[in-house]
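Two complexes, one shared chain (chain A), two partners (chain B, chain C).
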Partner chain A sequence: MSKAVDRPGAEEIPSAPGARRIKTGAGLGAARLRAAADWPARQVTTSFVLPAVLLLFFLSIFPLLVSAYLSLTRFQFVPGGFALRWVGLANYGKLLVGIEQSHFLGVPKPPTVVGWLLFGLAASVLLLFAVRGITSASGRRGVVGRAAFAVVAGAGIWLAVRTLTPGGFPGTLLTTLIYVVVGIIVQYWLAFLCAQEVAGRRFFRVVFLLPMMITPVGIAYTFRILMDLGKGPFAPVWRALGLAEVSWANYAWGARLVVMLGDIWQWTPFMFIVLLAALESLPAELIEAAMVDGASRWQLFWRISWPQLIPVTSTLILIRMIEAFKIIDLPNVLTNGGPGTATESLTLHAFMAWRTLDIGGSAAVAYMLLFVVTFAALSYVNLAHRRLAEAA
Partner chain B sequence: MRRRVSWLLVSILLLLPLAGVTPAASQGKPFDGVTVNVLTFTGPQIAEPLQRRGPDFGKLTGAKINVITVPFSDLYQKVLTDVATGTNSYQAFVFDPQWMADFVTPGYLEELTSRVNADKALQWTDIMPFFRNFSATYGGKIYTVPLDGDFQMVYYRTDLLQQAGLKPPQTWADYFKIAQTFNKKDLNGDGTPDFGSCIAKKRNAQSYWMVWSVAAGYLQAKGTREGSFFDADTMKPLTNNEAFAEALRVYVQTGQYGPPDELNWDVGDSRSGFVTGRCALSIDWGDIGPLAVDPKTSKVQDKVGAVILPGSPRVLDRKTGKLVACTVQKCPYSTGGVNHAPFAAYGGWSGAINKAAPAKVKDAAYAFLSYMSQPAQSSTDVTIGITGFNPYRRAHFTNLAPWLKSGMSAAAAKNYLGAISASLNSANMVLDLRIPQNQRYQQIVLDTAIAKMLAKELNIDQAMKEITDGWEAITNELGRDTQLKAYRESLGIPTK
Partner chain C sequence: MARVWRVRRAPTALPAWLAVVFYAALVTWAAVVLFPLYWIVVTSFKLPIHVYAGPVYLPFVDFMPSLHAWRYLFVDLRNDTLRPFENTVIVALVSSTLALVLGTGAGYGLLRFHYRPRLSAILLFTATAVLVIAAMAERVHGLAAIGGGVLLFLLVRAVLGRSGRTVGNDDIAFWMISQRMLPPVAVVIPIYVMFQRLSLLDTRAALIITYTAVNLPIVVWLMRDYFRNISLELEESAAIDGASPYRIFWSIVLPLATPGLAATFLLVLVFSWNEYLFALFLTSANAQTLPLSIAAQNATRGPMWWYMSVLILIMITPVIAMAIALERYIAKGLLVGALKG
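Let's look at the complex of A and B:
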């Protein structure tokens, strides 16, 4: 009885041992010939992919590796040109424990009672989350992932509690996170409202898309003019309200709010257009059936529309989150990062260092941003995105 | 028909180059076909005269001048990344001569000594010695052609002071008295309250020079060679002592009489504020004087006075770090017991040439810079507010005709030029910082700490500590001996 084996050309034949070897050898030779003949066909796939891979390598991976090296060096001018002096982790040390610490991490103060309560609450939730990882059957990777997330998120919350305490001051790291979290929540909410069935929807659709067509620096200058309370269009209103002596530019939260307003105005259309497409693709039969059954508007949304929108929403937030971390144009043009460093994002922090050719320091800030974005994106994908997609 | 049109088009295309090239070629202009890319900052100041005079220079010489502009805060790195990477897309630069330490050391700039010495039309000795010997020269060699003269001064409204019977400020206490008198009063007749003092305080703009204009009189009293940034023996910063604390207190206090959003005002805003009559006082380079003459924008024509930066009757005792009263020994250059230390902030926009440019292009670039600086052009340019060029030649100070032609009255011109002359001729003039990577000391550490202090993120003591620690860290990074040597050389002190 013949027995099929996995290897092509190696069919087992009940015969003398030598004959079997000859037969197998002949099969192998034929297979090699066929493989050689197929080689060009197999390389077609590689040759189609290779240019893209090489392009990606030179435009993305190579700069990533070079900037990692730069973050470990110091740029200096020397006779005949410049030199990159190896300084190890000194540029990172400067950010985390050195002279740039207050700029990067902020100025911490002892938490108030409310701060302690908030931190205690957040720490309890994170602890519970980590413990559930151990008790549930999520595997070793799952436990380590949950523990790492709990530690890093806990440290972030502790930093936020201490630097947002009166007398303290958040650094560029936390300022960027505030832009991302607040911006995405408000943008999504506004976009969702805009995507509803309202009168004049076609007109609003066009109007709402306009910010996407304007260059970000143009938006920043527009907001700079709009928000000029001395000469801008709202100056008379401001004076009429008796607020002529008050300026948002002098207050950290005022300036941050203006930056966030610009960012929300700029990015809400992106959320809007994707949500609108998702809403319009929902099958009308389900909604009609629910309406026939007497469902209210809220029930229509919560029971019918929302579950179907979850995958789109989740992906949308992920894309927007990665993009939002890179905010630079608005704070740069509107406030130059001021007052003080109140509106400075991580990208602007890196850009300012780069402007004075502190290339190592700039690369270190950029790498810290990369770590934060990677951590946030991975956490989001593992903790929220997959579950939401599966639930949907 | 179609064939006829095609022939016509071909003929036009063939004849077009001839029409453009032949006349120029026949005239044998020295730089026919040569293009010079000049990099400077986004105008209208500085870029405007280069753009306006470029075509005139082209008609004379055949060279094509392309003026490329970038925001001020990007200029330093734009120049250096272009030359350091070997891109060399710019053949000439109009920039801050303060940065020369970073540009000359790696050998990126063309030495101009022999060209300048051979160029009679430039009238080199007509340029005031400070700009020739400090702004244009590094290590005893000439690298730039001065196009501008920079000193910061205090501007005041002559009409207001006259009405109130007040004199121009000699000390910062005088400054506050004037500012307080006119703050929240309508100074330009538009029915809205205006401001006693307007100073550009925006971060990451040009504001870090303003704070030093206040501090200079407290920190330097024994002449230019004493220096105001570091101890010239140890390279320890002079930024953590009673004198600097007092200067910061004064700087913060100016905000009480300023516009509510002063922290977001750059020099464009403060200049505009002053010439539209919204401010009684301001600190600025020489720009407000000519800008106030323009009838299209100015509401203060012939109402503007300028005066040397206010001084202090108390100065830093460098041994103890205390603020002590001026005596003849402690303040040898004081006037009436007040130590004035006019700050040569920035040093004046200057033109330099990329060493890596082809020889013919370097010749054309030098000819253009010389043309811009020659009295025939510069005497007019310094009287036009939008140019951003301020007086730097003897001819600019002695020949009043261009000033009168620009619309300035003789009295206003004398007052304006007198304030600059007083600063320029002061034996206690404060030189700007010119050591390797001075941008990091000033534009990053100083500017950020001052901005944080103004925003109340830091108090004065914390700001002083942040500046001192930051400067020490950079000095240690770059090498204390190297930085000290450069600092001493910039002050004209022999290296030990």
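Let's look at the complex of A and C:
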């Protein structure tokens, strides 16, 4: 027995289907004997999982720990090599309150009246949300979770309101969030509008599969070629509008818009294909029964199809959210993060820091991204996804 | 009567005006998808003058197509074009195969066997691994460090004994799948340092190892769901007949799972084919893959769109061919991932 547990992941009860039924009713002594006899069998079952576990351990958990350490140090060249000097939380402080603040968080300006109104509205909704968590019987964890979400989301909206006012400038954190949120909303609704069970959908499915297969780098160049206002295919349109000599790359929002266009072009079809497949897999009996009962088309959709699509929708949003936070290829190739840092995502920010040998700073940005992704995903799963998935 | 109902799969035939709306939306979106691809194809056959004089749209009508860009990249710059292509093919194929082998085994194991590693053992293993690698970073001899680590691990293990909390299959599966959430940029610097220490920087091996690890979670996730739908009875009867787990896995489970394997392999292959971030960090010249060599055009060639279009085309043609040939499998694979999430 002892040898079998020398490694983590190595101690399992052998329960290949056959073994399980023999085991029932065996005495303790017999179990011990068989445990010895099963030693090779246990190694067999271990061998299924252990390689994957070890590979993931050394290429993800371990680097993650090292990254955490790096983010607390400063990289320096010293005679004969380099040294890592311990600086504590200075790299994070630099991002949040120090010299990198305008890069990471943005340049704030006092909000306009509209900004105040929006913030007040959002804050009251969040407050209501947190209070409802206390009054509804969702347990202490639910209350803390809701309160944490309300505080962080409120801070995020405060940041958005202050940096998006005229004169302000959003940092990489907010830019990434804009890509994620706007991208998902537009993609989902475009896909949703198109996903219908019409004849010939197989053709459209093949066509819509193409963008997902294309590397974002290729898409970035394609969009650069397409969006050239003077020489691209739409040049006559721009000329008619008097925009032929203008370059969107010089305007923060123009550049962001083109990045988002590329992203939407690539991922709307993904949503479409999954939604269509989900629609096709809905049981026909319910709809037939409702039709016999004389339900209208609108009722069929709104009362029967749509509720059954909610779980898929929720999962789709979760998957896209997790992937969308990692965006780097499109902004890097399309605009190189510019103008200034207007289109830089967090991953690109980390890459830029790495390229200037600010390795601690790069790791700190990466960890910030990790916190944001984890928080967003956890909040989404706990506050929305679980409920939506159960709804059907 | 009942039969008539069954045959009419689409009982909700659209009213004419609604059908027109939907087809209009679909056709518009299909045009949005296809036009950029058309433009790339057309641009790759243009002469510089066709581009600079403003847009021309139809070959043979607006302008005479020319093969100059293709000739330049495939004849004059033969090696510079083909080496990244070769790198991409090898890296994508090998890493996808490896990820499929490891991930399929893990997905099956997590579904059919019970694993109960102890939390203390896992933490101990992590701690010793950290110590060993720290020692190696401090230039202790590799073998000595590893030997010491193994000794330490065994010693503390014996002291700790066999008590404490255990971790179940679901925890392991969740841990593996959650790795997909990890932003790659959070782990890339240590991986860079690791491959630098192993002198593997800018080699295909480094990319293959990394992509295998990156793609493992997807394979585990998709294949575990796929195996769940395979009936247990066949496996049970094989086990009673004395077949070993390997044999059951190889001769019974895998053949039944072929469609799932194909879908997963394609998905993973496309991910590796298109990967950008790790290639950006881990390669410089020799092992450069296609996404990087295209991105590099930015700096060296400026707006020479005809060359760029050719490069984009040779990059996307293989995946597009695959997508069209195996569309059915891919759509199904996507659905499994999304529905079971």
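Criterion: the second predicted complex is superposed on the first by the 336 of 392 C-alpha atoms of A that agree within 3 Å, B and C clash if a C-alpha of one lies under 4 Å from a C-alpha of the other, contacts with A are read in each partner's own complex, and residues count from 1 in each chain.
As a working rule, a contact is a pair of C-beta atoms (placed from the backbone, for glycine too) under 8 Å apart; a residue touches a chain by one contact, two chains touch by 3 or more.
The structure presented is a predicted model; accordingly, all values stated were derived computationally and were not measured.
K.L.:
Quick one: classify A:F204 as touching chain B (first), chain C (second), both or neither.
P.N.:
So A:F204 only meets chain C here.
K.L.:
After lining up the shared chain so the two structures overlap, which partner does A:G81 touch, if you call chain B first and chain C second: first, second, both or neither?
P.N.:
First partner only, chain B.
K.L.:
Would you sort A:W354 into first (chain B), second (chain C), both or neither based on which partner it touches?
P.N.:
both
K.L.:
By the touch definition at the top of the document, which applies to A:G156: first (chain B), second (chain C), both, or neither?
P.N.:
Touch partners of A:G156: none, neither chain B nor chain C.
K.L.:
Per the contact definition in the header, classify A:P339: touching chain B only (first), chain C only (second), both, or neither.
P.N.:
It touches chain B, and chain C stays clear.
K.L.:
Which of the two, chain B or chain C, is in touch with more residues of chain A?
P.N.:
The partner with more contacted residues on chain A is C.
K.L.:
Please work out whether A:S247 is in contact with chain B alone, chain C alone, both, or neither, and reply first, second, both or neither.
P.N.:
First partner only.
K.L.:
I'd like to know which partner A:W265 touches here: chain B for first, chain C for second, both or neither.
P.N.:
Touch partner of A:W265: chain C, not chain B.
K.L.:
Quick check for you: in the superposed arrangement, does A:L300 touch first (chain B), second (chain C), both or neither?
P.N.:
second
K.L.:
Identify the overlap between the chain B-contacting and the chain C-contacting residues of chain A.
P.N.:
228, 230, 336, 354
K.L.:
Enumerate the contact residues on chain B facing chain A in the complex.
P.N.:
Chain B residues touching chain A: 73-74, 76-77, 80-81, 84, 102, 105-107, 192-193, 202-205, 259-264, 436-437, 439-440, 443-444, 448, 451-458, 466, 469-470, 473, 477-478.
K.L.:
Quick check: in the complex, which residue numbers of chain A touch chain C?
P.N.:
The touching residues are 5-19, 21, 41, 44-49, 51-53, 55-67, 70, 190, 193-194, 196-198, 202, 204-219, 221-223, 225-226, 228, 230-236, 265, 268-270, 272-274, 277-278, 281, 284, 287-288, 291, 297, 300, 311-312, 315-316, 318-319, 322, 325-326, 328-329, 332-333, 336, 346-347, 350-351, 354, 359, 362-363, 365-367, 369-370, 373-374, 377.
K.L.:
Under the stated contact criterion, what part of chain A meets chain B in this complex?
P.N.:
Residues in contact with chain B: 74, 76-82, 94, 98-99, 102-103, 107, 169, 228-230, 239, 244-250, 252, 335-342, 352-358.
K.L.:
Applying the document's contact rule, which stretches of chain C touch chain A when the two form their complex?
P.N.:
Residue list for chain C touching chain A: 5, 9-12, 14-15, 18-19, 22-23, 25-26, 29-30, 32-37, 39-40, 43, 51-52, 54-55, 57, 102-103, 105-106, 108-110, 112-118, 121-122, 124-126, 129-130, 133, 154, 157, 162, 166, 172, 176, 179-191, 193-194, 209-210, 212-214, 216-217, 220, 232, 235-236, 238-240, 244-246, 248-249, 270, 273-274, 276-277, 280-281, 290-292, 294-295, 297-298, 303, 305, 308-309, 312, 315-316, 319-320, 322-324, 327, 330-332, 334-335, 337-339, 341.
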